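Each of the next two complexes has chain A plus one more chain, namely chain B in the first and chain C in the second.
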Partner chain A sequence: MMGDAGAGNAAGRGTGRTATQAVGSVRRSFAPWTDPGAKPLIRYEKVTRRFGDVRAVDGVDLDIYEREFFCLLGPSGCGKTTLMRMLAGFETPTEGRILLGGVDLAGLPPYRRPVNMMFQSYALFPHMSVEANVAFGLKQDGVARSEIQDRVAAVLKLVQLEGYGRRRPDQLSGGQRQRVALARALVKRPKVLLLDEPLGALDKKLREETQFELMDLQVELGMTFLVVTHDQDEAMTMADRIAMMDRGRIAQCGTPAEIYETPATRGVASFVGDVTMFEGVVEGRAGSIVSVAGEGAAPSVLVDEAVSGRAGAVAVGARVAVAVRPEKITLAQDPPPPGTPNVIEGEVWDIGYLGDWTVYRIRLADGAIVRVSRANASRFVERPITWEDRVWIHFAPAAGVLLAE
Partner chain B sequence: MTGGLTRFNIVSLVLGFSFLYLPIVLLVAFSFNESRLVTVWGGFSTRWYGELFRNQQMIDAAWVTVRVGLVSATVATVLGTLAAVALVRFQRFRARMLFTGMVYAPLVMPEVITGLSLLLLFVSLDMDRGFWTITIAHVTLTMCFVTVVVQSRLLTFDRSLEEAALDLGATPLRAFLSVTLPLIAPAVAAGWMLAFTLSLDDLVIASFTSGPGATTLPMRIYSQARLGVSPEINAACTILIGVVAIAIVMASLATKRGLLVGRST
Partner chain C sequence: MTRPGVETGGRGSGDDASRRGRWLVVGPPFLWLGLFFLLPFLIVARMSLSERATARPPYRPAFAWEDGPAGWWDKLGQLSLDNFVSLLDEPLYLDALFTSLRIAATATLILILIGYPIAYAMARAPGRLRPILVTLAILPFWTSFLIRVYAWIGILKPEGLLNAALAAIGVIDEPLQILDTEIAVQIGLVYSYLPFMVLPIYASLEKLDGTLLEAAQDLGCPPWKAFWLVTVPLSMPGVLAGAFLVFIPALGEFVVPDLLGGSETLMIGRTLWSEFFSNRDWPLASAVAIVLLVVILGPMLLWRAVPQRDAEAGR
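Coming up: the complex of A and B.
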């Protein structure tokens, strides 16, 4: 029940932006999911939601902790929105149960749940002013008129919409509407704020700014945020932890770094960031180094399975893939010294210049394409790499991740 | 595609519109005829309008018609709106198709059948026929029109608006009253106006279900016309046309405004 106290003083604390620095450093050591004694605020227990024969959500177990910024990430139709809507009360689990602060939510209608949602379409009431929209929730609770006024003013200040109270939603820009929707969901100080694709309707620049504002706001208010998004950059930037969903199940749940550096499945590896997969069969292992033999002309590679913390999971003879991120591959114009692991010769097939990065697509002897990216740290390059150049790529065994299936 | 009218377009427009409106134009024109003879033009005059307002039977009939229209349109709007909400909202409700069909059936049901069946009902219930039986019959007739108008508005209604209200703590009833109803109000008003107009110019069902002392304006006009068309009847019809036209224009304006409000989310 600490959430109430935290949110309680936050709504009145409009000047909190300067405090973000201090709170931010606390945030760095914030990892309640590693503490076995910590009690989750939200707990999904074997939750399944069927629509006819389709399992939109399939046996999901998930713990989300107080003050966490949690993202449900996945392609459209993966069940992330259904999972969130079950917490808000708009969908009922077919099986399993959802606990909030230890209390089973079953049978509780949406209007009695201590959570509020920011809708993807914002769902602002078009016939009401900004103030009336924000005050709507407080009015339903029978809050005194003077207190409503104060709280609406405070929350509008918090989202930087002072002076817009009398406007109608159709007189606002997209970014302003997004803020009204946020203010309306925040004003009741919910235990959990649910955000359904909160930045989906904004253009790229505004989206990036708003991401950081949302993060600051969440730390400032000490509130638990649950965000649904299909945008991996958004999830990586904002979340403390991400649950990557695929076909109704949670494929992997972890911090952004865990998801990116040690993806658990091929699906996660290819949905989050760019990746090259070296397919092959496990040939043998020496310590934690596994050798994977490519078939035919495909290259053989060494990979350190200790990196993912899933050592010994794959048997000799099993078909596997080694996933390597483009920035972890080194590109050389001369053959590397003997003894360098995972050296593969290839030809520059395509070059994509992105300003900060250049992405090279290297074609190997077997026709496979490897993505390699290089930071453009220096303005002058003596021997620029160009199309059809003969090049050598190499990467450390610890750069790859061994994926079964 | 060019925006200009070809000769062919002009001819078809003229033909179509004269077919639709020539009889009405004639009727309106002859209502301002000085002569007592219906088919002979005797100069412009508003004399028959004066005669009309001195005809107590006509005034009584008009008053009955307006009262029936107001009451039946209001009741039909409440019932029709509730039916529309139920049909659109409960999508997983099993017999939905059947119920939708049943609501629409009266639209195509011959009025003679509706009138006769209502008459049988009132007789078997031993109800005194008069103002209330006509009103009830008109609710039956017009309710489905309201349902159709409101339902089409609800289909384009953003469901998440209602969900947002629930999420913010409003009970389903309060969410409906404070969010849904204000937003579909133009469609509801259009439905009311449509129901009122239908009630105003109904002859068949009213004749079946009326009793002594409750004669509606269309019934009065019809019975007088059988004795011979007088310019006075033309005047009464012109006024009726005017009222109906105004109501229809207002209904379509309301619907148009409703679409605009709905889009501004």
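Coming up: the complex of A and C.
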């Protein structure tokens, strides 16, 4: 979707639902990854997993902290499931090691690991009732019968499936099956709950509701969640931190806002949210302001490299791109006053009305298309922008992000 | 959904067409069953209620076409169950029936014990290998059943291959008498029916979702236990299908006991044969056949009823 993802994320935490108010306050102060003394609960050290010639996971270093809601995000086939399955014990790293609470997991079979997984296909036992499915893990641990009953009842209540205990999985809807799978993984109170595309099979509305329920649940139970998803909105909504994966490597790891505002690579910039790339060559720099010259008719732009915290990373003469989010570009019907940076003239090529936002696609002189979004804050507009209007776009140097390669 | 009236109308006319279509699909199998199962069954049933006679065929029919409906009704009152009563009077028949049940049940059990691991290994083999393994499993069918059972005579007889091999490795001094015993019949049955047990179990194991086993392990269940708690219950339909596929023909088996069982192994199939062809007592032989059918159908109907009840209770 549009640029609301970054801003909407912060707002979505504290407001919108009364139940999440407590969650919001917990979350605001939660950032163990910024504390150099904090010990990670899960640590991937230079983990590689090869299948034949394919490097499904390629030299991954990753720390995940206790009580974190961590998302692995990336396109299909980038190695998310493999990375997670190595933690559950279903795949063995070809190289590197995985630590849980400081202990190397190598050689520990899946049934001895204090983690539980919710499978993408749910993997409910079709020959057992809902209750028996949920009780299965507790029975393996030799928990007393009366305690099993209590805990199963409690967890079924938690996922709002009271009264469904005697049904078979094939007598449930997709959403209910998802809840049973969740309950079955939750009931053992694992140190880490692994969720592989937990909402993938649900329709959009149910998926959005369930996202918030998962977040509430995670805070309520104080568990560490590791969630795999290929849906960037989902990751942005739920995660404390996101690791964006690309062809087996971690392209960037950070909070949703960091990922959105200061993407580290072109891949991240274009996978998460909408973006326009201004291609060019570094011409010079004045302080932290870098000027990037477009080739031919392409516009030249100024960008503040301090924004990304990666100042001095590119040399003069290097080919770069300046990535700008659509909501950070201003659209004007008259030429802006002289001295305004990054002014580019164009023509309205396309308009998409989304209700809360309107997306404009502006065509520049060199034929490039720039995406600009505007909030529809007021109902009546004196001079509405329409198709084929001459317009001027401009953005601050600090609005762009300088990307190498 | 929004306009129920229209939809019901539409569905009504569609129903007629689909009903006709359904009969076109269901009709031929019914016709087949009627011609080649129900009709022969009625003929045999009539024969079993008839009286033996020196005639051609060697019985006096209980019903005849010429009697007409009124005559049929009359005769219904005078029906004689003599043939069935004499089955009970003569211990030979009950003996043969119980021996057959015991031998067929034992063979079925042995077949499950041997067939399950084979099917399991086939289902766990790499995907490329599986079609080859299935072909291998049905390969024996390319040779006549009769010839393959004959071959076992050569293996099992006192001077046969098995005894020679056992003597050669020094396990025995005297040749074992295996041929013409119940053991030989068991060996023959297990050998002959193995593919019928392996294939249905393989089919149910092959479609088993591997992530279910991963889920079981993830929940703290070691692999051997996951096998008992997940694999075995989910392959039960295959085991049951295989059990019926081997138990029923094994019960009435004639060739195997005749060739390998000698005179001491009395199975119901051989009894039936000798009543028909040696004694030429067709009515009695028919009564034996009917009893056999009831013995087989009884448990099967019971088995069919159980899963249905189960499903209804779950709803």
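Quick note on the criterion: the second predicted complex is superposed on the first by the 381 of 405 C-alpha atoms of A that agree within 3 Å, B and C clash if a C-alpha of one lies under 4 Å from a C-alpha of the other, contacts with A are read in each partner's own complex, and residues count from 1 in each chain.
Heads up, the rule we're going with is that a residue touches a chain if its C-beta (ideal position, glycine included) is under 8 Å from a C-beta of that chain, and two chains touch if they have at least 3 such contacts.
Note that the coordinates shown come from a computational prediction; the quantities given were computed from them, not determined experimentally.
Partners chain B and chain C, brought together by superposition on chain A, clash.
Contacts of A:57 after superposition: neither chain B nor chain C is touched. Using the contact criterion defined above for the overlaid structures, shared-chain residue A:109 touches chain B and also reaches chain C. When the two structures are aligned on the shared chain, A:169 is found in touch with chain B, with no touch to chain C. Of the two partner chains placed by superposition, chain B and chain C are both touched by A:184. Contacts of A:127 after superposition on the shared chain: both chain B and chain C are touched. After overlaying the two complexes on the shared chain, residue contacts for A:223 are found with neither chain B nor chain C. The residues of chain A shared by its contacts with chain B and with chain C are 88-90, 109-112, 116-117, 119, 121, 123-127, 136-137, 140-141, 168, 184-185, 188.
Contact residues of chain B toward chain A in the complex are 158, 160-161, 163-172, 174, 178-179, 182-183, 261-262, 264-265. Within the complex, the chain C residues that touch chain A are 209, 211-212, 214-223, 225, 229-230, 233-234, 314-315. Chain A makes touch with chain B in their complex at residues 88-90, 109-112, 115-117, 119-127, 136-137, 140-141, 168-170, 184-185, 188.
Looking at the complex, you find that chain A touches chain C at residues 88-90, 109-112, 116-117, 119, 121, 123-127, 136-137, 140-141, 166-168, 171, 184-185, 188.
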